[in-house]
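Okay, so chain A shows up in both of these, paired with chain B first and chain C after.
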Partner chain A sequence: MTALLSIRDLTIDYAGHVQAVRGANLDVHLGEAVGLVGESGSGKSTLASAITGLLPIGARILGGDIAFKNESVTSGRKQAQQILRGDEIAMVFQDPMTAFNPVLTIGDQLVDFQSRMPGKAREKYARAVAMLARVGIPDPALRANSYPHEMSGGMRQRAAIAAALLVNPSLLIADEPTTALDVTMEAQIIHLFRELRQDYGGGILIVTHHLGVVAELCDRVYVMYRGEVVEEGAVDDIFHEPRHPYTRALLACDPARLHERAGYLPVITDAERATFMQARPR
Partner chain B sequence: MLAYTIKRIGLGLLILIGVMFAMYAAVFIVPGNPARAALGPRATQEMIDRLTREMGLDQPYLVQVYNFFVNVLSGNLGIDVISNRPVATEIWEVLPNTLILCLVGLGWATLLAIPLGCLAVLKRGTWVDRAASLLSVSVISLPYYVVAIYALLIFAVQLNWLPAIGDGDPGDIGSQIRALILPAFAIGFTWVGYLARLVRASMLDVMGEPHIRTARAFGVPEWKIVTKYGLRIALIPTLSLLAVSLGGLISSAVFVEVIFSRPGIGKLVTAAVNLRNYPVVMGTVLVMTGIYVTLTIAADLLIARIDPRIRDAFRGA
Partner chain C sequence: MTPLIEAEGLAVNFRAPGGFLGLGHHRLAILEDVSVSVRPGKTLGLVGESGSGKTTLARALLGLVSRARGEIRFEGRPVDSFRRLRRKTAMMFQDPIASLSPRLAIGSAITEPFLIHGVAMTSRRAAAEELLALVGLPKEFASRYPHELSGGQARRAGVARALALRPALVIADEPTAGLDVSIQGEILNLMTRLKAELSLSYIIVTHNLAMIRHVSDRIAIMYLGRIVEEGPTAEVFAGARHPYTASLIASEPIPDPRRRRQSLAITGEVPSILRRPSGCEFHTRCPHAQARCRSEAPSLTKSTGGRSVRCHFPLNERFPPKLSDFGDKETRQL
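Then we have the complex of A and B:
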């Protein structure tokens, strides 16, 4: 099976002195959901935004290659990544509060987001309303005519997912899709993703620091630490037999996996961190 | 929204009433008897006393303000002590001239400044951005009266392309437009730099917001992101600052009208001040305040029109 997305030896630095991503390898195949986990600052979001060329100002790719459907998008013309956006690749962002323009209606924006799709504005609007219904937004015709601030956080994240699905992408990248939501909303969004996977044939890359999300949604997982992919494998394997000490430490910190009541939530200590650096990536 | 509009208009009326009190206080404080000034040096004390009575200047302060207020309500701004014509008529004759000058002056500046500000953001960090910044700052630091005098010297006196004074021949639109070019240029000149910098700064703010990233991630064309997603939000702070600085626009119109000897409110009020022609001064100041208040309200309503969040906040107000 050839990879839909294939990242090889990718290195990205910020302003020339911080290497946010170091020699990372990552593959996503059609029909598969891949998790990318790590703590804050591990470089997972930087890696995800590099795929569509949306790196923040100051960040640049030092080496390595990103290939989409066997064609390199980083070497060669700059437009290669831009053409993928909103067509082959769609993104769902972390904070639904700020992901939509505050002075335009949701429907208006969902029409614009289909800029790469054929059809008249009226058809796109109808498609947007239907998709809002599909992601479980009640009264979608009314909601399409609402402004972002008139909707709840959970509803906006549903709308963001609707936006991504509207362009029928081969690859869906969700950057911390549940991080800004409360626990109830998070459960609902995870449920929605599971439901949508049943008739979505493309690949999904979910960037998160929440291991529960990975366990619920993903087939395979990559673990990042300090800009490096330290471990990669099937979700079941990694959850049951983590090989890298960082993965073990990360799993030990997940409150959902605690077997007995603890006085404090577990953390990764500095002494532990010292051991991670000696461990080789697997 | 309606409640908000009514509230804003009510506040505007309060400002106008406040201005009336302040103007009458000024008559009492500023030296020089208006009646004596109006009658000239050869007037007898008897004549001066009679005119003072006629003008109501012997009445107590509050009574004078009250009389003025009642007169204003019925559209009567008093009588010009020199020409003996109603002040309202005199203002009405020249008001369109001033309004057109302000509108055209601010208009061309806005039409140039908004694209300039957007261009600077699109080409951020390049020589285009730096050139636009340099241009803006140098333009801001030139006062409009300097611009007006140099424009007059160069284009009217030296090159003789455009008329130096007046507002054109009555009925001849062509000559009226030609007479409008230099004053409107002088008024708008500073605004180009001011507005371009405002638009650039607000655009930079907006273009860094996450929703712009979303639009980019969906491949929305960059020109559409700038004009529809960016500019709409960037215009909100620009408009509010614009509303605050409209007073400066009106006062610059006063100077420019004097320099170009162009009939208008500004010309009227400066002549009236020199002659201690109080009814005209008060009438004009009141009308200018009225214009200022109206434009500020208009800007506020426009902002609420653009930003649904502000609209909703006012729904309860």
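Then we have the complex of A and C:
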């Protein structure tokens, strides 16, 4: 099976001195949900922004290749990247407030997101309303008339997911999609992603530091540490038979995995951290 | 033993939006009938979703927002002026970097309480270094500025500032928000160690259930400005009595792909505080709501085991709670 997205030996540096991503390999296939986990500073967000060509100023791809449907993204022209971003790859960000323009209604913005798609404005509006209904927004016709600030955080994140799915992308990248939400909203968004997977045939890449979200949603997982992908595998193997010491340490310090009440919580010590980079999975 | 701090029947109102030139506006109840207490050396967790009033309660306890009704007692004596509390209490605010002045070096920021309260110190430098050592930061940090710190380091600085005057009570508002799990553990372990060393009491405000389960002795669950359940942490987690508590616990993603949840424990959103539901305010989302819940508001009732619950039809009451009830919606009994 050829991969939808295939990243090989990708190296990215910031301003010539910090290597944010080093020799990373990652694949996403159609119909699969892939988790990319790591702590802050692990390079997971840099890697995700490189896929869509949204690397911050100062960041450069030093080596390696990103291929989407067997065509290199990194060597292509800027315009080709933009088309890819609008038609084939959609993103959902952490903060659903900044994802929308505050002075336009949600409905109008959902029409704008379809600018490269055929159809009249009226049809696009109808499609937008239908998509709002699909992501579980009550009174979608009424809500399409709302401004972003009139919606709760959970509603806005649903609307952002609707916006991403409107262009029917083959790859959906969600960067910390539940981090800004309360636990009940988080559960609802996780549930929504699962539901959507039943009729959305594309690939999903979920970038998060939250192990619970990965366990609930993903089929395969990549673990990043200090710019390197240190472990990759099926979700069950990662959670039940982790091979890299960093993966083991990361799992061990999640308080949600401790069954007994602990006086002191497990942490990753600096001494342990020093050994992770030399370690190779057994 | 007298509680260190105690609130009884606390109510806080904010001004409702609307009105004209301040005329014709009405008051909006943010907190209603809230009673909490913390015994010396103990930790109380205040848990709820955004808008549940947990931060407002924490602020009201220290007089940072004024109360409409109710009494607050500190060390057994009613509090009229919060000045008496200022040196004995401290607050760790939610955003550690934003709560430190960007123009003050860390050393100055953490020793500011000494100047504000006119407390003598040998030298400002020595006091700063002592506080930094207390929270495990190298002394060079005294001359760094907040923007040079990582999230975890800024939290440590926040702890140092809170502990400068050796308070008896520290209120920590979301002390671990935005931190990676391993750093979260470091901050909580630091707080646990200092609690023992300096005989502190904590009130920890959070929405992180996985964390509060390990660090609190008692928890109070809040919904729309009211406490819906209160009790010893281990027992509440072993068998929640309020359906809201049970749904919160069941909503936490489980970091184990073999235990994926198939159904949603709770649907819908927290109603707007401008339009409080009738009767029990949770009935709009409660899976067990009955006719009585829609019309009659339950009161917070004491039940067995030092627990209270605000529900007409509490869960897990007749049976001793089993550990297997934890987080499992199917096995809990009505």
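One rule holds for everything that comes next: the second predicted complex is superposed on the first by the 277 of 282 C-alpha atoms of A that agree within 3 Å, B and C clash if a C-alpha of one lies under 4 Å from a C-alpha of the other, contacts with A are read in each partner's own complex, and residues count from 1 in each chain.
Basically, contacts are C-beta pairs under 8 Å (C-beta built on N, C-alpha and C of every residue); 3 or more make two chains touch, one makes a residue touch a chain.
Note that the structure is predicted; figures quoted are calculated from it, not measured.
Would you check which partner chain A:D112 touches, where first means chain B only, second means chain C only, and both and neither mean what they say?
After superposing on A, A:D112 lies in contact with chain B but is clear of chain C.
Would you check which partner chain A:N101 touches, where first means chain B only, second means chain C only, and both and neither mean what they say?
first
Counting only touches as set out at the top, which of chain B and chain C does A:M91 meet: first, second, both, neither?
It touches chain B, and chain C stays clear.
Among the partners chain B and chain C, which is in contact with a greater number of residues of chain A?
C
Scan A:P255 for contacts with chain B and chain C and give back first, second, both or neither.
A:P255 contacts chain C only, not chain B.
Could you tell me if A:I51 is touching chain B, chain C, both of them or neither one (first, second, both, neither)?
neither
Would you check which partner chain A:L205 touches, where first means chain B only, second means chain C only, and both and neither mean what they say?
In the superposed model, A:L205 contacts neither chain B nor chain C.
Using the superposition on chain A described above, determine whether A:I190 touches chain B (first), chain C (second), both, or neither.
The second partner, chain C, only.
Kindly list the residues of chain A that each of chain B and chain C touches, one partner per complex.
none
Would you tell me which residues of chain C are touching chain A in their complex?
Against chain A, chain C makes touches at 49-50, 151, 180-186, 188-189, 192-193, 207, 209-211, 213-215, 233-234, 247-248, 251-258, 260-261, 264-267, 269.
Given the complex with chain B, which residues does chain A contribute to the contact?
52, 54, 82-83, 85-87, 90-91, 93, 95, 98-104, 109, 112-116, 147, 149-150, 160, 163, 167
Taking the complex as given, what residues does chain A use to touch chain C?
Where chain A meets chain C, its residues are 39-40, 152-155, 182-188, 190-191, 209-216, 218, 235-236, 239-240, 249-251, 253-258, 261-268.
Going by the contact rule at the top, pick out the chain B residues touching chain A in the complex.
Going by the criterion above, the answer is residues 209-221, 224, 228-229, 232-233, 306-309, 312.
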